[in-house]
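The structure's right below; bear with me while I get my questions together.
Going by the order they are written in, the chains are A, B, C, D, E and F; count residues from 1 in each one.
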């Protein structure tokens, strides 16, 4: 199971990276979300111990590490904020440069 | 929890997995955009059901909270997407 | 009492799962999106609602929330189906094996296919 | 007054969500409900207590009837899914409006959609519902029997 | 140790600069004439000169006078001054000639306010005096750079002249570069010597010369000096520097600044000199420079250029002399310095007069000026004779001592004859130059009828006359004892040993005298045949000009710059790929990819294994599907599926709080992403997609390789952390134990988010809020001003034929299409919003005990509002929900969260601690709901997120609305 | 002393943000408020500096009263607080510039809130003692910086912001993975606690990976070649008061991080990091020099120049001796002042150009309208090139001195040679803007951005050149304090 989980995280991360490198900016945005998802999953695996009980004080049993969960909550919110902002940027660029192709967004160079 | 209940729950869970898999396949190979949308909506609903089953298996009401969120917002997004599909816009 | 409740729950689960299966089967087997929507609506309204009923019975503190969840499902499921069907009709998804379309008479659907290229 | 009714509904919802029927929770819930109700865009209309009672009764009846229809048609649907080769004559028919009120129209459309075999696709300005049904030959049955009963109840709730 | 008076030669010119700058004030400028100002200002260097003169006796008697003050004590850096005979000699020249030049300037500039010039000139004087007074390495560099900068400003004084700008740049580039080298060299020297001050350095000659890095420090210091003193091939800046106003050329580029390098090397001789390397380096470059300057100077047609080359030649002489380790050489050096300063400043000033009076400096246009400018001619001739090295001028003495030094018996014969040959060659050409200078200008017939000369004002002519006459009198006067003594002291300071100086012109028939006669004869021959010689020189010098080297260097730099800039190719994808590859390289080089021993085991079977496998597979597969699906919309659906599967995985973790947030965020993301699809023109997206799937093979392989590499790293590290579980967490046990008693929370994650690490959340919510207002500002304000965007949108709307909601005819079927939606959907919308608000309220209130918190509450409510946007339209919703002023909500929410956090400090003494106000007051609240700081925080979060999310949705959903704040 | 003093430099701008937002309909009040907030922040951080400097002890604040390492620890040590003072100073002057700036974007109601959020994010990074908290602040910095650039009057601002955002995204992901890995290895997020545990057991997996990725994160933040691509675009396109901040203080985040990495977090394994810093620094100096030389746009030139200037700092950190760290601090502080001033001046000239742009084509000769700006720019140019008596010289002097002391001759030779390029490009720019006659028909506008802020900055540059003892003293003490991580750890963990 560990191997599968690690592989899934790796695959998602790889897919995210690949999407990030596409020309179509919508794909880039998608890649961004996939990357964040993969990283969040990784952060959960970074928990010091795995449990079968939710991290609630009123539940008895082996809990999973609560700290990474809290970190992931924060990371999710931040990635949502960034993601939304990117979409606004994409719209603005599309209006200004008339393209949704990453390679054509090259007014700024040299 | 009785063995029977446990068995039924696990069976239902596996069934739901299978159903979701079927729907996902259909979304993947859908014949048109509406068909895919239906499939996606269905997946959402089935996941909802699955959450409820997991809640029962774990004997934990907390998951119902997650389900509530998913239920309410799932419909919202389905309808919003339907609007997009029909209209090319949302608001 | 517990046994009785459990039995009820088991029944609800089985029925709910059966309806969900039925819904997915319908999604696969029915001829067009409109008829499929008839089937898929069943999943939310019967399948999940019954599962929620079972959960409300089985888990502590879940009853009130279960009720709200059922309310949401029963309210939202059909509306979603309606929205999808309406969208389908708008973009001109054809009806299968049909002889009558009163809506087409009044509505001059402007064809729009969001999947057309993007 | 409508705001108070809405607030009561919100309180009920709050109590359901918190699953706690103590007095203190009711008080807190009332505060929450009042705050939220204050934020909702509710138009003030003349209020009639007697009508409210009638409407509530009719509504309960309506839900019962609806449930019955749901189960009955569910079985029909199931048969059809398991054997899609059964004779089927689907189509979209226009079902006339039941009542004036937009809410009643909506409820009516909801009831139709929730019961298997009927799927409202569109509603026009005067309340005509364009409904997808599985057998257009049974149009009258739909309009008179099933939905007719419910429409009757609805018109009680929304005169 | 603290002779404050040593500051005088620095402070007086600085004061002069200040006064000159004040002269730039319009009010002052109007009232005072330039000449008057110059006369007044010239008093300053004159005072300085007199002050220094007064010090001569002291310095001769008591040795160096010093001053030191701690400047940056933490770094061991002092500001120190050092006045000895060598610096005194140079200082006298600087202040004396400075006074003349200042007065001269008053006459040179015909009209207008030249306060800038005077300011620069005095600043230069300050810096130059500073170099000569500097008592340590840092102080020296401080002033050294000061001269480079002021020289730059003076050369480009006529800023609109492109050649002047180029010349200034060239001088700064070369001397500035040399300055850096010199600083490095001196710092090396100081580090070996063990102190920054000259006293230490000069006393550490043996240590320095035996240091392994001696060649490095010598090379660096010499490089600095060579560039400053225009040693070939770094001399090229000097001729181009002639675009400076003539007074500046006379002062900086002949008499003073170019001697800074000479001074530096002479100064460092006791410390770094007296080695083979020193000799070869200085003598070699000096000899070459001397010959080159003399040779190339002859063909110059611009009088100033001619003088510049003769200056270069003389600088070469001086450098050559420093390289020679004999007392004769140092005697010659000191005499040359004085002689050159006198006659060259005079000549420059005369050329300035000629230029001023005739309007040209071109030899081809001048000629026959003896008639109109006889007095000028006298002054010029006196100075030129000195330059030519003819008796009885001081210049003759300089040449004699020079020849004496190169014919010194200690010189090896072969080398000696080379040096003698070189000196003769240079002397002959210099003679010819001097001839050209006088003859072609004043004698013969006027060449250009439009050039008319007239005598300058007497005072103007007097300024060059003073140094010219000095070079005559110094030669004629019978052996001024004091002067000879002073000069010998100066030479001794540089030489480090006894130097005997005799200033007598006649020393009998000595080899130098014979050689001198040969040189003069040769010079006369060259001058007679100057036409042929110049023709022969032709392009010869140009071909080997160091200017080609300079231009080549510049263009090489520019071309390299162009290449370097090409990396910034504007393609984000390349940047990202570079960063990813770079990070990979860093991991390989600095880090390590964790290896897992049990990599191939599947680990212990988890709870609900099938579901886990399914969720993992679905998450990964739908993520992957987003690549393959060609239509953006479907890719979005795949993304959403992946996100929901991840929520499922989180639920199985079990982490219900995270799962809930993941669900709401996933759905919100899908909504906003689809919104983006609606507002970005479809043609653009289609085109982008087309191009995406048309990428070249190599590009694709590169991306795949990067993706695989990234995936591999992630897999490895995840596998490591999974298989090394359980581990110890330092912090989590505290949270588990403390959540309930310390924060009243059953939800440990909630306790961490809101209490233990609440500050993270506070900032994170600010991030979210800033994203909201940022987008809103971008789209509603910044974009609103884009005429282009406006036009595009209008076009898009026309194309789509969007119907206005009010215009819907009766027969319109209200479904999901068009603006109005059906009443059925209205029903859901009407119900959903209050339900979501209550749900949100319970999450805010009870989030401490259950999944959900202020954030999910905010998102849920916002999505319900977004649903209203979908159903009723944006404007209608805004009308219905008048309280929905998003920016206001954001502001209030953010304010509430900080106020709340600060308020707790009043109760517990610590910012952002947990305070249960309900319990404090004894409120009988329902179980599970605490009216605590945590609750208020959640409420604040909810309000902020509501505002932020609605800003996001509004901005993306209705980008073209006017910027009226909602 | 009240430990809340450490919190205040973060809290004041953070709390000032919503107030500025609420003042969105009253532009003057908003501007005054923002200025007041930054001024207060500056005063408070100066007071903090005074306290810890005279006390010789860092000051810590445990947020919420939760003991370290369980809660979030704020750490006011000399390094962090000095960076804070520097940031507050420059940011405050950025607001002064904004107040006299004619850009349209300044008038948007959300400009000042975003600016204050940027300040809070930046200062938070310098003062937090918790690595995840640092991530959050870094994100605040990214989002507000991106927003401020995107709304620039320059329509290319959006493109620049877009590119920057994605490169920052990678950086954030690096940081998150690094942070997760550190938690895997050591089970804690508190930097002091981590430092202590890393010192005890440096090779614990996957800490090496974390180290590499953390390094990559800071490389992106400081625009270290070749992770710099966002920087020239971003700094050139953002509104002048913002770009003056970005290229001066904001890039110092990475500098700060590198110092922390080599002197606190990874002390036992810092050798390869230092080597990498030297190599990257030299590459940066060379590459930055060339790109700045070739740039055709004044702001881009200054942005490229930052690559090189940061390169000098990296080399110094890489040498790592107390003298070199002193040089690094001095260079860091001075570069912030100089670069901010230079960018403001470039912006001020651009505001005079007929078409608002800092492209050399456009601003050729436009300096004639502001001769005083020319004086400032010229002094700034000298400062940037390290010519005395400016503060830039003190940096160069200490850098060379420490390099000689460290006997790092190859690196010294390279940075020495290429440091000359600084002089070349700034002087070229100066000549083009102030001396070259404008093209036919190009006429400078009579009105433009006010020069008060750059004048103050340049004044400081000269002042700190002539009287550099306080800064040098401070830098020496900082180098001493970062050389003693034990004290930091002890203080952060509450003396345990």
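Following the convention adopted for this analysis, a residue touches a chain if its C-beta (ideal position, glycine included) is under 8 Å from a C-beta of that chain, and two chains touch if they have at least 3 such contacts.
Just so we're clear, the structure is a prediction, and the values are computed from it rather than from any experiment.
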Contacts shared by subunit A with subunit D include exactly E
Greatest Cα-centre separation from subunit C belongs to chain E
Closest to the centroid of all CA atoms, by its own CA mean, is chain F
A student comparing A-F to C-E should find more C-beta pairs in contact for A-F
So, in whole Å, the Cα centroid of subunit B is separated from that of subunit E by 60
Here the gap between subunit C and subunit F, centre to centre from mean Cα coordinates and rounded to Å, is 56
CA centroids of subunit A and subunit E: separation to the nearest Å works out as 39
Expressed in whole Å, how far the mean CA point of subunit A lies from that of subunit B is 22
Check: subunit D positions touching at least 2 other chains come out as 13, 17-18, 109-110, 113, 120-122, 124, 130
Multi-partner residues in subunit E (2 or more other chains touched) are 565, 568, 572, 576, 580, 632-634, 654, 656, 668, 675, 677, 682, 685, 689, 713-714, 717, 721, 727-729, 731-732, 735, 757, 760, 764, 767, 770-771, 774-775, 778, 782, 786, 811, 813, 815-817, 822, 824-825, 827-828, 832, 835, 839
Subunit C touches at least 2 other chains through residues 37, 61-62, 65, 68, 72, 75-79, 82-83, 86-87, 89-90, 103, 106-107, 114-115, 118
Listing every touching pair of chains gives A-B, A-E, A-F, B-C, B-E, C-D, C-E, D-E, E-F
In the complex, subunit C touches subunit B at residues 3, 6, 9-10, 13-14, 16-17, 20-21, 23-24, 27-28, 33, 36-37, 40, 43-44, 47-48, 51-52, 54-55, 58-62, 65-66, 68-69, 72-73, 76-77, 79-80, 83-84, 86-88, 90-91, 93, 112-115
Subunit E partner, complex, touching residues on subunit A are 1-27, 29-30, 33-34, 37-38, 40-42, 44-58, 63-67, 69-74, 76-78, 80-85, 87-92, 94-96, 98-103, 105-110
The answer for subunit E against subunit B in the complex is residues 608, 610-611, 614, 618, 622, 625, 633-634, 637, 640-641, 644, 647-648, 651-652, 654, 656, 659-660, 663-664, 667-668, 670-671, 674-675, 677-678, 682, 800, 802, 815-818, 821, 825, 828, 832, 835-836, 839, 843, 850-852, 856, 860, 863-864, 866-867, 869-871, 873-874, 953, 957-958
In their shared complex, subunit B is touched by residues of subunit A numbered 54, 56, 59
In the complex, subunit D touches subunit E at residues 6, 9-10, 13-14, 17-18, 20, 22, 24-25, 28, 32-33, 35-37, 39-41, 102-103, 105-107, 109-110, 113, 120-127, 130
